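A, B, C and D label the chains in the order they appear, each numbered from 1.
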Amino acid sequence: MITSAILILLLPLVAFIIQIFVGKRLPRKGDWVSTGAMFAALALSVGIFIDAVAQYEPNNVLATATWDWINFGPVHVTFGFLIDNLTAFMLVVVTLVSSLVHLYSIGYMHGDPRYNRYFAYLSLFSFSMLGLVLVDNLFGIYIFWELVGLSSYLLIGFWFEKDSAANASKKAFITNRVGDVGMFAGIMILFSITGTFSFNEVFAAVADGHVGGTLLTVAGILLFFGAIGKSAQFPLHVWLPDAMEGPTPVSALIHAATMVAAGVYMVGRTFVLYTPDALLFIAYIGTITAFIAATIAIVQMDIKRVLAYSTISQLGYMMVGLGTGGYTAGLFHLTTHAFFKALLFLGSGSVIHAVHTQEMDEMGGLRKKMPITFWTFLIATLSISGVFPLSGFWSKDAILASALGFGMTHPAHMPIFVVLLLSAGVTAFYMFRIVFLTFTGEPRDKKKYDHAHESPLTMTIPLVVLAVLSVGTIWWGWVEHMLVKPELASYGSHVASAVEHAAEEHGVAHSAHTIAMFSSVVVATLGILLSAVVYFWRKISADAWAEKLKPIHTFLWNKYYFDELYAATIIRVTLFKSRLFAAFDLKIIDGIVNGTGRLTAAFSRLQGSIDLRGVDGAVNFVARFVGYLGSQLRGLQTGNIQAYIMMALFAVVLLFVFQQF
Amino acid sequence: MQDIMFYMFAALTIASAGVMVFSRSVIYSAVGLLFTFFGVAGIYVLLAADFVAVAQVMIYVGGILVLLLFGVMLSQRVTGVNMRTETLQTVPAAIVAVGVLFILFRVISKTEWLVKAKTTFEPTTAKLGTLLMTDYLIPFEIVSVLLLGALIGAAFIARKG
Amino acid sequence: MNNVLTWITFLPVIGVLLILFVPKNSKNLIRVIAAVFTGLQLVLAVWLYMNFDTGTAEFQFKEQYSWIPSFNIEYFMGIDGLSIPMVLLTAFLSFICIFASWGIDKSLKGYFAMFLLLDTGMMGVFCALDFFLFYIFWEVMLLPMYFLIGIWGSPSRKDPDGMVRGGPYAAIKFFLYTLFGSIFMLIAMLVMYFNVSDPVTGGHTFNMLHLMDQANHGGVLADFNIRLWIYAALFIGFAIKVPVFPFHTWLPDAHVEAPTAISVILAGVLLKMGTYGMLRISFPMLPDAMKWEYFAYGMAILGLINILYGAFCAMAQKDLKKLVAYSSISHMGIVLLGMSGLTSLGMNGAVMQMFNHGTGTAMLFLLVGVIYDRAHHRQIDGFGGLAVRMPIYAAMVSLAFFAGLGLPGLSSFMSEVFSFLGAFGSELFDLRLITIISTLGIVITAAYFLWTFQRMFLGELNPKYADLPEINGRELFTLIPLGIIIIFLGVYPAPLLDLIKTSLNELVEVVKAANGPTLLGLH
Amino acid sequence: MSVGLNHYLFLAAVLFVLGLYAVITKKNAVTVLMGIELILNAANINFVAFSRYTDTDMDGQVFAIFVIVTAAAAAAVALAIVLNLYERLKSINLDEADSLSG
């Protein structure tokens, strides 16, 4: 088991190293190296997953391994693997999507001048993401956390000649860093108290009550900052739409299916660390995110951007699931979302590949030209909209049920459910808007339409595979049993309130489920119908309504002005500060230094002038006097040696005479 | 006998030195100097310094004086300079000279010399040679080098003009 | 190999003597001599590394001879876990810098002679165990550095603001600053000398081991206030070298005006001397000074200021080299912060950071040199899209930049993280808030490095540089070893950590013991 | 009165003063040089006399030899200088070589 884990981790790393150094010289620029490594990893992951299913126990730990890594003497930092059911799930999700994206990329990226570099980065990402899933400690998770950020940076900026891509990659990395700093602070708090990074030991310390109360809440919220950054939660969600500058398969893999879900995974992994207050915080952040992103998605015209906002919104759902105690629901939605969102992105990539534009204004009627893409895309759309019996229905319903249950036990927090339900409707609306605008109706750009064609097999096979996975209704039962919310009762007293919270919830869970199911179906249907009315039958003019609701439309079109807000505040303040400090450095501090130098120089000049007039004056007087004497005596200086000799001797005689008498 | 010899040589020396000093002709001066050197050589003999005496004759008479005469002749022949040598400031010079003489006489006569006369006369050459090769080896070598340097320097200066 | 430390210190002097006898037109011979002697030095350093006993905190390879007996001054050399990484770093960077100096054409002979002399000074500082000897080496470095910046740096120029800047200005500034610091160190040294007695003879002593042994302290050193003053004097002396805000302004000037190799040495080795001095002299000799806890807080806050202030200043720079210089200030702040918590983690992290910053910043300066040699300017905004034209160079720069911004898997990540963790987990002082604010520096650092990378390498290729030559083999030769070390220590820091941890844990124990029980009782 | 050390010293003193007088008064450089030789001879007489009459053994004589040698060297150089002087001034009169006059 551990051997496979090591192999799973090393295969993409080796592929990365091969690709980056010799990829260019390999046949087919080495795409088979990365792809092959990924499929091998997939096979191994499936093996682990099968083991997990075979044992079929809740939260089963399949294997662990630790190695001494950094030894400070009093403090050891270990590196290790923790393979439990959650890991097994994540491994399969990551390797599966990653393999399909690799395959898809062979077609999509064909002919790119940096083809081998692209696969190298994909491998690097796969390595980091798998590491993130496999490690058994906070330190390791932080390392891989940053590494996925790096690969995301590299892939978003893959076409770095475009300024927008370069900007987007930078924005992604820095925004993530902001979250990471919070996460790091959280890790520091936990480490300083428990003296270890290992999940199990930290959990044990929490269970023993070594750490608790406000400090634990703060630590939890700080940890969650990392997830806010990585999973593009409000208010750090701004990087994800821009990240669509990267190649579309990358968007599918990193910015939809796996990396952005890492935040959710991390929260799930460290779930027992979160106090009820921290969980509430998570739930509200998720709610706000889900709603904001969904509303923005309504008006965007760039197909990938709509999908990006949809991703943000769905990530918000997952967070709400976790935050309201629906541990299984959140992680289940992570899994289903990974498949249908990857499918949506790959489908959109297929469309973009065909028409060479991302603007939905220039598409339309592509159904006939690209049947496979259309049908798979439709399945994914139905799934994300929560249409029975597709996978999205089950997972989203679970989250709604969790939120409703939470609201029923804590009526003050009922708005979470309401907002979420509303967002579900909005989701159905804007997702079908994509379908209608892209695949139905009359082609709006004839020339592009004529050029369009179905994508090659390497691209359509992944679509079909993902579509099949999105249909899979049987998922639910497995997951519910295998990923059970960690038994909080087994931990110390501090989580007692959370236990109560969970118990109450359990009581209402059943009724909540039923209500949630029906309401979500109704809302989804309404959303789809409205969408059809506006964009399929064209009974209502979208433009007219946009005109009528001009302020709202503009507000949404500008994404709540988040970018502008940040540009005007944080970025501006930072740049201002940096200029201020630099000027301070140059003018004040260095000014003082130089001023000291100048002052010294000035003082020395003053002293010099005193010296010149006073002291030197006296000296000069002496000199002049001597000079006068000299001029009088110069007659003696005949230049004649003999005269000198005589004078000297004369002096000798004189001296002698004086001495004697 | 020795005393007589001393006075003879002393007289010769001083007289010829007087010729050298007071003669107006350079040639005469040179001849006077020649005899002075001889006189001094005699004095050396009286002082039992046979080797020094011989060296005096050979180097001064045979070397330096010839050199001086060459100098005189050479400049005269080439240029026709008046070889009369004129004198300057004779009176002050005389006063000073007499003063110095007076001082020297006074010092000499007033000083209690730690005299320890030796009466024997024996050849000094061997002893000198030994001394030069032992105690005075380094000065000896330095002088050799000095001599060489001086000769080269002299040749250089004279040639360069 | 009895006198290996003497050899390693004075080998470059032999090189200097040889170079002096070489006619100044045999340029290649001079370069080869310099390379051979620094190479031998590196070999010796590696030998030291191989034979270094990591299990003991004692000084090793000791050499002790009486030097000036009338003042009880000794020629006393020895290294422990604190000095050996610095010795390795010095030898390694000196060797690399010879190759980075290959293209110097202005009186090459003088340059290499000065460079080797500087090398001796640096090595001596890290090996000396006699305070007086330490001080001598400390000052020996100064003069070659002055000339190297002043003569081989950029020429004097008048800036728009009317200041005359350039190599000579920077050299004088560096010289005066350091001299100013040395005076404080000298005062402290003399007070120590006259108040510490040699346990054997009972006389005054400069022997560091005696100075470290508190039992020998007497005279005015019995007075805690005096000890604080001495500590403060030493701190100022070393702080200028680090450099700690507000004594840092010599650094941007000196780094920017110096030739590439000298910037590398300055940032890679000289900056470490400040913190090395604190760890070698201030902490062990006056371990109880931190009882006056404002020192610890002061140090941590200065570290915080260095980190954030350096990062903000770096962000505003238009000159690439100046940016790197300010990033050094920022990174050295982390060392300071790591040390201030008096924890094993922080102290080891800080020394690791010293080493890793040495390699990382060396790489950065070398890379700046590469582009400057080609484009003859360093204005960040003057480039653009170079990644298309120079992919290998861009890869190298991104490696160095990512190392600079503390990306996991690269060496400075480890040291930064553990410095922060060490400070945060301090048992003696509550540095938690300071540390958390400091970590914001990570974001700013990422921001300015990535922004710079974008402006230089991404986007459309600036047509002006359409035929800029790619990085050449000699330059790669200097960069790749650094890159390998950065990656290797980032993944597996144990080789470095094992070297230092015994000595540093011992140091932490000593200092902690002198400072009494924990103040916070966190554990 | 038998001849003793003082006699020799007196003789030397007279020679010295004569030489001095020549050095001071003579215009002709060659003659001045001769005066210098006289002075040196006077000194030499002293050396040898002391060597004879005091407990210094042969040292005085050795010095005398050195003086002779040095004098020879000096004479050679001096003559060369005289020649050179002539080249420059067309005269060997020392009173004309007064470019150092104040």
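Just so we're on the same page, a contact is a pair of C-beta atoms (placed from the backbone, for glycine too) under 8 Å apart; a residue touches a chain by one contact, two chains touch by 3 or more.
Just so it is clear, the structure is predicted and the values come from calculations on it, not from any experiment.
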Most centrally placed chain - per-chain CA mean versus overall CA mean: C
Chain whose mean Cα position lies farthest from subunit D: A
Computed distance of Cα centres, subunit B from subunit A, in Å: 107
Euclidean distance of C-alpha centroids - subunit A vs subunit D, Å: 103
Centre-to-centre distance between subunit D and subunit C (centres being mean Cα positions), rounded to whole Å: 71
Subunit A and subunit C, separation of their C-alpha mean positions in angstrom: 34
Junction residues of subunit C, two or more chains touched: none
For subunit D, residues contacting two or more additional chains: 20, 24-26, 95
Overlap residues in subunit B, where contacts from two or more other chains coincide: 88-89, 93, 96, 100
Chains grouped in pairs wherever the two touch, ordered by label: A-B, A-C, A-D, B-D
Complex contact set, residues of subunit A against subunit B: 642-643, 646, 649-650, 652-653, 656-657, 660
In the complex with subunit D, residue positions of subunit A that touch it: 634-642, 645-646, 649
Touching residues on subunit D, where the partner in the complex is subunit B: 2-11, 13-22, 24-28, 30-31, 33-35, 37-38, 41, 44-45, 48-49, 51-55, 58-59, 61-62, 64-66, 68-77, 79-84, 86-87, 90-93, 95
Of subunit B, residues touching subunit D in the complex: 2-3, 6-7, 10, 13-14, 17-18, 20-21, 26, 29-30, 33, 36-37, 40, 43-44, 46-49, 51-52, 55-56, 59-60, 63-64, 67-68, 70-72, 74-75, 79, 81, 83, 85-90, 93-94, 96-98, 100-101, 104-105, 108-109, 113-118, 124, 127-128, 131-132, 136, 139, 143, 146-147, 150-151, 153-158, 160-161
Complex contact set, residues of subunit C against subunit A: 163, 173, 176-177, 246, 248-250, 252, 309, 312-317, 344-345, 348, 385, 387-388, 402, 407-409, 413-414, 417-418, 420-421, 424-425, 432, 435-436, 439-440, 442-444, 446-448, 450-451, 454, 457-461, 492-494, 497-498, 501-502, 505, 522-523
